[in-house]
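To keep things simple, chains are lettered A, B and C as they appear, and every chain counts its residues starting from 1.
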Amino acid sequence: MAAETLVMAPPSPLLAFWRSFRENRGAVVGLVIVCFVIFIAIFANVLAPYNPLEQFRDFTKLPPVWVAGGTWKFPLGTDPLGRDMLSRILYGSRISLFIGLAVMLVTAVVGIFLGLIAAFRGGIFDIAIIRVMDLIMAIPSLVLAILIIAVIGPNLTNTIAAIAIVYMPRFVRLVRASALSELSKDYVTAAKVAGVGPWRLMFTTVLPNCMAPLIVQAALSISDAILEAAGLGFLGLGAQPPTPEWGSMLADSKDLITSHPWVMALPGIAILITVLAINLMGDGLRDALDPRLRKS
Amino acid sequence: MFRFLLKRLALTLPTFIALMFVTFTMIRLVPGDPIEVRRGERGIAPERLAQLRHDMGLDQPIWKQFFDYVWALLHGDFGTSIVSKTPIAHEFLTLFPATLELALCAMVFAIVLGVPAGVVAAARRGGIYDQTLIGISLTGYSMPIFWWGLILILLMSNTLHLTPVSGRVDLIKFFYPPVTGFMLIDSVISGQKGAFLDAARHLILPTIVLGTVPLAVIARMTRSSMLEVLEEDYVRTARAKGLSAFRVVGLHALRNALIPVVTVIGLMIGSLLAGAVLTETIFSWPGVGKWLVDSIGRRDYPALQGGIMLIASLVIVVNFLVDMLYGLINPRIRHGR
Amino acid sequence: MKSTKLFGAALMMSSMLAIGAANAKSLVYCSEGSPENFTPAMNTTGTSLDAARPVFNKLVQFTPGTTSVEPGLAEKYEVSAEGTVLTFHLRKGVKFHSGVNGFTPTRDLNADDVIWSFERQSKPDHPYAKVSGGAYDYFNDMGMPDLIASIAKGADDLTVVMTLKKPNAPIIANLAMDFATIQSAEYADYLMKKGTPEQFDQIPVGTGPFMFVDYQKDAVIRFKANPDYWGERPKVDDLIYAITPDATARYAKLKANECQVMIAPNPADLADIGKNPDVQLLQQAGLNIGYLAMNAQKAPFDKAEVRQAIAMAIDRDAILKEVYQGAGQKAKNPIPPTMWSYDDATVDYPYDPAKAKQMLAAAGVTSLDTDLWWMPVQRPYNPNAKRMAEMMQSDLAKVGINAKLVSYEWGEYRKRMQAGEHQMGLLGWTGDNGDPDNFLNILLGCDKDGKPNAQNVSKWCDATFTADMAKAVEITDQAERTKIYQEAQKIHHDQVPWLNIAHSTVFEPVRKEVSGYKVSPLGAHEFQNVDIAE
């Protein structure tokens, strides 16, 4: 009887990716936390004990339950208008995640488009796009965002637009650089010879091979966006009150850092944990997706 | 080499022009007339408004205003502030040393702590030190820096009374004229006892706050760059030759590992200036970032135009210099695409 | 060049200060912003006026902490019988500051300086009229060009004669305002000859209790006591303005004794400040009013009964609690209680939505769609107009009125309200000179043709009221004027062109070691009488 060699099919790319990813303990912790935050965001209306906009005028500025004067009725205390901190933080996760995802989508979609055009068409398109991106990068991010919002007005949508514009150059340059390096490769030349049209070439041939650094950048842009939005909210230019966005909660609490520090500490911690988790995940993604980028 | 320089220089020109155009346009798009917005409940009589607008050149056709603006810029005239009636360049130069001092201290803080930390982490890869470094540096750039600043103020100034709350100097005890605008230098020049220490104490918290993100980034970049270099053949050769670990790591590897780190440092100027805006706000630090933000609220067109023009030009120039530096270090860039 | 001169002066000052530092008494004031320049005639913001005030005097001045006028540089003055000629007798031997910016005065204050200071603002061809931008807002806003016919030297060098076009009782109070500051004509000439006239507005020379020493932009202003002051010498040697825009930082500095006086605390910190044993929380009703104007030119707001009903439909106590957070008092008159002629006998409208609904029905208004305007900026009399509007909207809904909230950017908002585009709108007013005419006539008066004044956003004209205003502005006897203004307040109460909402309270925390500091109803912050216990 002939011995049968056992041949295992190579693991699917997804499985291979997952295996690399979970080697990185930090990344897994990040993933767990991110899932937790997403869960909170989705089920905020069930989890939160109160409406985040409701004011309990008799219970203002209560400390969290573990400090003297706190009560289990409001486990994380209340803000100066008597709104429950726990509920506001839970609902705030929705807005922060929304901002992060929205910015990421806008910068990714527009950025990929612009970057590919710059790489493929070259010439005047390339120069124009790169010059505009340089211009945006020359002005410090926060200053530019503030200026944009001063023109179009402070609200949630405009905050997303402003942050997307400010972070666009990163994406565009990344896509352009990746596409350019792919373009010089043999398989692209082969495809061109085979008669593949430029659009198909862009999206179906080249782009998938650039994905690795793009995915990492996308993940990191979510966390950057959340931080930038918090900064704008702190300056009063983000989501307007009474919306429970973590950054504007910090702005409202700026007056209270000595008298009632938890009103300021808690939203900041929420931002920190969320952004940290996303960054951990981003690291893990980078390590797992592209061995070239590993070791960092 | 010269061609490379010239080529690079030529590339920055269109950026400057676009910058002029964009600052001019955007600022005029901000809603609110600069004169009307600063009036109280009384408002202003239409004739006076017309007169004031005429005096400020705001009733000219837009293209003429732009032309005047560019013409003045080319003569080094950045305009006059509507609010303080002093030339913008003068205002900027008065406030800039404060921001520069803060930014330089933050950078020094980040480099002096970050580079060695990254090197050691790379040398002991995977160990407890390495993991801690990654963890701390990730935390460093995951925090909103204004929150971090407030927490530090709460802890250090209000609770422990270790550092002063805000400002650059103790106003009652010390008064010395600003020679350079850098408190650390001016305090020494003044010769007053305790002045230098006072200036340094006021710098501690803002430096830590502004320098946290650069510190985190530099530490990680150094680490990853170092790790790459340590894998290189020539390092293995050096080790095989029997050179001590210190010489291998400290001399050969580090020099090459630092190249990407240097470029990153140069490019951080933009984010340092952005961070300065928030830091200056929290610590009442009289610098350029805060002045710009205030100018937006005051609709001080010339201050905004001039200020953004000056800052963005600074960023472009620094980027250009970093490009040059990188080209010098890495000859492949000079001659290739 | 300017910087070397300033450097030299500063170096001299600093060495003097350093030597005297051990024995010098310093008062540090935490101010909330940077001045635009140091010439009060060119400014309207409290911050800039505060920064210049220690250096200067005026012909007459407000007694600190009050709105009553006392002699200043003019030790006495007379008003002619017809009320159109004012004669001021200046004090003898008043010296301008010596040694500031290299300037040494060769003469004492005289009529030339007074004339110079006013003509700079009134004559477009004055040599300094256009220096530093040339906008003299308060001079124009108070109607001075239409009021002053001429100002000239009188019988001698120390007499100034001001001729008015028509009699005007509030003119004396106007002359106590900061725009009427007297500056040095000699210093102006000195700088013009040197070719640096713009320094006039950056490095001030005056006759005041303090001399200007140094200004570091956005950081600190320094003054020192004037040894040759004509009045009582200040009790502190050095006065320092620490520019601290953040209210929390100001309070932190006050607690740490890094400054001894501060203004504009956070409402959230007030409870703590009150409990702090090292701090005295001084307070006073501000010279302001926040109101809800109802456009009398648009039906149904032309009916007084409708306006009265709305006055009863709004819960002002809730607004005071939530919007003002204790930093305000309910207003029953259009002028604040600190102003003379305030009618304390007025009986305020109660909060009675049931009655309101009745009255509306009686007036034929069962359901009404209207707008309610709110301003997007914080004003001294209204910390959060949006919140206030939301609360009013829900109160009005309970009586069947559907109010749509409307807002514009501040300049736009004000223009449109003055044009009368609104039906209901929030606005307010801060007094300039402590005279009731400054509130009642400007905000509720009409001209002789029955057209509402520019700032009369209720577009309401009452013949008796208008006649009262015209009469009271011309007579000088305060008792008589008081009677007239009280009648005017009664008319306002009956007709309700506005709903009076609140007067905000001004809080100024100072260290317990500080004595002699008074809260000014006019928002001035003055330090010549302040002392610090060691």
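Following the convention adopted for this analysis, contacts are C-beta pairs under 8 Å (C-beta built on N, C-alpha and C of every residue); 3 or more make two chains touch, one makes a residue touch a chain.
Computed from a predicted structure; not experimentally measured.
Trainee: Between B-C and A-C, flag the pair that has more C-beta pairs in contact.
Mentor: Answer by contact count: B-C.
Trainee: By Cα centroids, which chain is closest to the centre of the whole protein?
Mentor: When every chain is reduced to its C-alpha mean, the one closest to the whole-protein mean is B.
Trainee: Averaging each chain's C-alpha atoms to get its centre, pick out the one most distant from chain A.
Mentor: When every chain centre is compared against chain A, the largest gap points to C.
Trainee: Starting from the mean Cα coordinates of chain A and chain B, work out the distance between those two points in Å.
Mentor: Inter-chain centre distance comes to 24 Å.
Trainee: Indicate the whole-number Å distance between the mean C-alpha point of chain B and the mean C-alpha point of chain C.
Mentor: Measuring from centre to centre gives 39 Å for this pair.
Trainee: For chain A versus chain C, what separation do you get between their C-alpha means, in angstrom?
Mentor: From the centre of chain A to the centre of chain C is 48 Å.
Trainee: Going through chain B residue by residue, note those that touch at least 2 other chains and give them in order.
Mentor: Answer for chain B, listing residues that touch two or more other chains: 31, 153, 158, 281.
Trainee: Could you say which residues in chain C touch two or more other chains, in rising order?
Mentor: Expected reply: 246, 252.
Trainee: Could you check chain A for residues that touch two or more other chains and list them?
Mentor: Touching at least two other chains: 254, 257-258.
Trainee: Show me the residue ranges of chain C that touch chain A in the complex, using the header's touch definition.
Mentor: On the chain C side, the touching residues are 246-248, 251-252, 266, 268-269, 271-272, 321-322.
Trainee: Report the residues of chain C in contact with chain B in the complex, numbered from low to high.
Mentor: Going through chain C, the ones touching chain B are 6-7, 10-11, 13-14, 17-18, 21, 26, 28, 34, 36-37, 44, 132-135, 137, 140-141, 198, 201-202, 214, 216-220, 222, 238, 240, 242-246, 249, 252-253, 256, 258, 379, 409-412, 414-415, 418, 427-430, 454-455.
Trainee: In the complex, go through chain B and note every residue touching chain C.
Mentor: 31-33, 36-37, 39-45, 48, 52, 55, 83-86, 91, 94-95, 153, 157-158, 161, 164-168, 170-173, 175-179, 190, 192, 281-284, 286, 290-291
Trainee: What residues of chain B sit close enough to touch chain A in their complex?
Mentor: So the residues of chain B in touch with chain A come to 14-15, 18-19, 22, 26-27, 29-31, 134-135, 138-139, 141-148, 150-151, 153-154, 158, 220, 223-224, 227-228, 231, 270-271, 273-275, 277-278, 281, 289, 292-293, 296, 304, 308, 311-313, 315-316, 319.
Trainee: Give every residue of chain A touching chain C within the complex, in rising order.
Mentor: 57, 80-81, 254-260
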